[in-house]
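The structures considered in this document are given below.
In the two assemblies presented below, subunit A is common to both, partnered first by subunit B and then by subunit C.
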Partner chain A sequence: MADYRELWQKLGMDLEKHDVLCEVLPQLYGGIYLNQENRPEGMNYYNFVVAEVHGLRIKELDDHKQQGGKVVGTFCVFVPDELILAAGAIGVGLCAGSQFWIEDGEKVLPRNICPLVKAFTGAKLSGTCPYFQSCDMIIGETTCDAKKKAWEILDDYVDTYVMDLPQMKREKDYKKWAEEIYDLKDKLEKLTGNVITEEKLHDAIKLCNRKRMALQRLYNARKALDLPISGKDALLISQIAFYDNPERFIEMTNALCDELEDRIKKGIAVNKKGSKRILISGTPMAVPNWKIHHIIETSGAMVVAEETCTGTRYFENLVDETPTTMDGMVKALADRYLKINCACFTPNKGREEDIIRLAKEYKADGVIYNSLQFCHTYNIEYANVEKALKEAGIPVLFIESDYSNDDVGQIQTRVEAFLEMIG
Partner chain B sequence: MISIGIDIGSVCAKAAAYDGEKMHLLMQPTGWNLKKTGEELYKKILDISGGKEKDVVEIVGTGYGRVSIPFASKKITEITCHAKGAMYLNPKTRTIIDVGGQDSKVISIDDKGNVLEFIMNDKCAAGTGRFLQVMAHVLEVEVDELEHLAAQSAPRDINSMCAVFAESEVISLLAAGATKESIASGILHSISNKIAHIANRVKIRDSVFFTGGVSKNEQIRSILEKKLKCTIYTQEEAQYAGAIGAALLGYDMKS
Partner chain C sequence: MADYRELWQKLGMDLEKHDVLCEVLPQLYGGIYLNQENRPEGMNYYNFVVAEVHGLRIKELDDHKQQGGKVVGTFCVFVPDELILAAGAIGVGLCAGSQFWIEDGEKVLPRNICPLVKAFTGAKLSGTCPYFQSCDMIIGETTCDAKKKAWEILDDYVDTYVMDLPQMKREKDYKKWAEEIYDLKDKLEKLTGNVITEEKLHDAIKLCNRKRMALQRLYNARKALDLPISGKDALLISQIAFYDNPERFIEMTNALCDELEDRIKKGIAVNKKGSKRILISGTPMAVPNWKIHHIIETSGAMVVAEETCTGTRYFENLVDETPTTMDGMVKALADRYLKINCACFTPNKGREEDIIRLAKEYKADGVIYNSLQFCHTYNIEYANVEKALKEAGIPVLFIESDYSNDDVGQIQTRVEAFLEMIG
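And then the complex of A and B:
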């Protein structure tokens, strides 16, 4: 990575602490990713993105800001990227997947809340995340209590705007969510000084749909019995989708998919014959949280899909491109986003159906339900998911974990035992 | 033809040698050098079985230390091994409650010893042998003495689900003048509660077999019976279930 110290300094980062973080990542990444055999050539782009994660992309954000552009941070798949793009801003999904930030998060938050919330708070407080530092505003949402209250704390450090996500899916909730989208439109117009025109919003809808289709195409390649790509690599691509330049990401991911489809034709596989196929279901896995995938794929099985926010919940369902009026497009956005089956909704039968459908589509031998520690909604929802999966005859294993490595041995044993059980 | 199973637990390491007829068993403390312990066990159990190195067809490693047995020809988790071993010890077994030094698990099996479902404790010592060790240390007694002490008194409530907090709770109880006996009884009830909590998450079917080092504690077994409303049996060789299962699985693979 080139020298970005001057840039980081300008962003008000704690350089010394950031150096420690920068030392950890390459080693972690190397151990988990670069040792994989027979990786697709197209992964080189994503290797490069990771190598430059706090460098080149941050420079791009800075260049954008130099020209008067704004950068907006988000944390959740419910926040519509389309509006951010239509306002001429750059949206970055803030990652919060590292144990590194937990300690700083716990300075202001209780210990017994989910690691993701502690990590993003710690990332901001410690001044070690250049994305966070680049943000002119962040957009939070009300998907859980921990986040809801953390926004109030975070607001002292960075302008924090909160969208109120309904938690039921009645007709009035759809209307309410459309209103929230309108409010965000106003907020973004004020922040950027740009008017979100119908034309700009329509272009942004088409762009985001193309990104969704590229990700769906990537996932489709994972339906092949001879897997052209590992679950770890696919997870990484999903994670990168949240902060990379959308046009470039679409181009590179489609190029990779060309290679993957060619591999499928030629029978070039990354898995061993007969290796078990696992569907992951549960909470998001933010960069650099590759823990569960790594355990599974070093235990002889392969992850074939993720029913998570860093998986299918991010890209399934397109926004209807037919409407061209503002009202029509906002409604189309509200309709698409409220189709996401997050555990914050009640009831949430749709998620059970999604998991069973995905297990079939991706020919999964079993489901590993992964919940972050203290994520009440996903933790509790396991009871009904387990029941539904058992009725459908699909084996399932529950794992609750955080970002630390002290339970890797125990999880390894559970995963291996699960694979022996379904073997 | 001999198959050897080695189960390296956090406290005790167990070995079993099976020649198709006889099952030979051996146990020793795990110690800090897992690799050395594994090698010693292998040599000793081979001696005991009266077999020769060339007769050994498979060496199956299991337990948390299975990764530290480089000479093992196969590694199988303790869950699968326990299921097989419990079935061998009593073919009527359908549920296994295994409480070892650092983890506890409940396994549901079919009539062939295949695992149907299993659940393990979180990364927490409360429902494990480690809890008894920590508590015995606070009371300044040996783990084996807890049962005798507990038999002499009604339990004091120990509510903390966490071993670390429970330790503070016990210290407070001692400071408040509670007897060692009542606390020892409270400790056995507390660990039983935690085990029952895990066991209640799977469907408990007869017969229920109690294995692992903690199964030697008769009082815990009896408290568990009341809590789970079922008969729980154990036997002398219960601690060897993992090693036995490993030896059997190795034997099956070669025969």
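And then the complex of A and C:
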């Protein structure tokens, strides 16, 4: 691994603290990922990305900035990557999944809020996330109370722009969201000094759709009864999609899918015969939060899909590529993004339908509903989801958890009991 | 006290459970309110209202319903009472402040959310709140995640309409809020079968402004160094404002204010010389949540004002009475209501300015920032409020609490230490 200390220093990072983080991650990854048997060859690329997580990609961001380019951080699947790309900027997903950052986040935020929000805030405050340090601006949104108010605190540390997501999906809300997309366009044009032309936006729409199609292809492979890839590996790939170079990511993911489809033909599986198939539904799992997947897949079951922001909500539904005028494309973006069934909407019946549909498509034996601790929207929404799943005859287990390891034993026990129950 | 059991039965209430509640409240009220020395004579009316809290007013609601009128429940100072009145309906504030309802709320809601939301949900589910039982419809809003998602659950028990409050205060958000007000107008017209005419709406605007002016007059009296009324009593009056008959409330509150202004002239005070003056800032205190006021006022200090939804946010700023067209009045309503500085907005600098201004106007020696447990918006916003108050040289104490008595001793110790510190 190349020496990136000079680069990190330039980004104003706390090198000593960052060294501690750099020691933790390989151990964690090795224990969870590299022990898996019969992994696809194509996972080597993602191993490499993880090994270089604070190196090569950060160097690429730096090169881009050296040439006058901008880097923009995002935290939510509602922020349209297409605009960032069309403005000639690089977008990186900054949602943080490590307990490492919680302590620093709690210096400015209450303890009893979502770990994801505490972690990304702590990542910035501690100066230990080179992605965050590379950002010229971050784009927040009003999807939940904790994030909405955390932007006001982060704004003291980095230029923070906030999109106001409507909380409903009426016709006027689609128009309102289109307005917000137009406002973001203006903001990005000002930040980058580049004009977002119709051609550039259309190209970006096509590029993001290709990325979505690659992820759809990956997920399709998981519908096979002989699973060609573990849930853990698929989750990692989704997580990497948020910050990798899009063209390279598409290429490598499609190459992996070639291998997976070949495996399916040949009946090469990572699962044992008869292992239970689990659909995960709930809150995002930001890298390196692999906790629930690891518990499930070391309990003899397999995760076959994730109805989460780091799963199907990220890549389902393409943007309509037909429109080529600015108005038409902005409307197409608004339509695609506002269709995402996040628990931040009221009502949100569409999500119940999604979960039931996905459980069938992926032949899941049960659903594990995973909510980050103190995430009110997903947490409260569980009551109605549970009712709908019971009516559909689909077993479901509710887990609320944070990033610590304190509850791993307890969750393991509950997961094992659930797997026996649905046996 | 008259026998209202028949009426309660008609409302589908759980009479046995309600009896338990009816036993608790007088004890609580007696201990906290009736022990106060030197109370104004005018408080007798509010004593009477409390004694008849589930009786006389419920009878009035029933009489109104007998004549074909509708009753509408609300939970937030953003919902314009003017429209409800103009539609010939009666509006009642349903925010609930008793630990009694928490257990039933937790049957359908997570434990780790705001007690106010759990309490009003439990009040409905348990069938022990005759106000809730009297409602033909409730009007929710998207001011926080917990409420936003609780409406979906309550909708199974009572017709629930939700207004989508913008999360920002840009020019377009004022327009959007005006649209929501128009939508509510349609909904109320359908519910009641009455047309909201320009004349009726204008009358309702004037009525609500008179109620606001009565409360402003009450609060003005609290600016006197010789306090003519305790903070506890003032809080009770604000709480009663949410469900009492508006005309009667205005009359009785103005009569009380005559007495208070006379007391100020004569130097009749409820406080001891030199007692510390405290401004409360934070989340609403729904009836019968008198916990923090009682702790402060039994620790030798006095509460002189509340920058809360059951305080200044409820009555500051009148609706402009100049417009008489529907468009003009709806715009005037949108302008007045969206000016309220709730922590649900981002950014919300106006609230910092309000707190500093109120601390000066009421000659407060310190601010006690009170946040309901798990209220993310007020809880997170504290960081920036604290900073602003420190810069302004105003001492502040942060308290996060729920409706239980478990933390009373601990809060008392912290309040006493704070009062000594600012001495």
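Simple rule for what comes next: the second predicted complex is superposed on the first by the 422 of 423 C-alpha atoms of A that agree within 3 Å, B and C clash if a C-alpha of one lies under 4 Å from a C-alpha of the other, contacts with A are read in each partner's own complex, and residues count from 1 in each chain.
Following the convention adopted for this analysis, contacts are C-beta pairs under 8 Å (C-beta built on N, C-alpha and C of every residue); 3 or more make two chains touch, one makes a residue touch a chain.
Given the structure is predicted, the values throughout are model-derived calculations rather than measurements.
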Give one of first, second, both or neither to describe whether A:421 is in contact with subunit B, with subunit C, with both, or with none.
-> first
Is A:144 contacted by the first partner subunit B, the second partner subunit C, both or neither?
-> second
Is A:298 touching the first partner subunit B, the second partner subunit C, both, or neither of them?
-> neither
Between subunit B (first) and subunit C (second), which does A:168 come into contact with in this model arrangement: first, second, both, or neither?
-> second
Please indicate which partner A:245 is in contact with in the superposed arrangement: first for subunit B, second for subunit C, both, or neither.
-> neither
Regarding the shared-chain residue A:413, is it in contact with subunit B (first), subunit C (second), both, or neither?
-> first
Would you check which partner chain A:376 touches, where first means subunit B only, second means subunit C only, and both and neither mean what they say?
-> second
Hey, is it subunit B or subunit C that touches more of subunit A?
-> C
Pick one for A:109: touches subunit B only (first), subunit C only (second), both, or neither.
-> second
Report, in rising order, the residues of subunit A that make contact with subunit B in one complex and with subunit C in the other.
-> 400
Please give the residue numbers of subunit B that touch subunit A in the complex, ascending.
-> 64, 76-80, 103, 114-116, 118, 120, 122-123
Interface residues, subunit A side, partner subunit B - complex = 400, 406-407, 409-410, 413-414, 416-417, 420-421
Interface with subunit A, subunit C side, in the complex: residues 108-110, 112-113, 142, 144-146, 148-153, 155, 162, 164, 166-168, 172-173, 176, 179, 343-344, 346-348, 373-374, 376-377, 379-384, 400
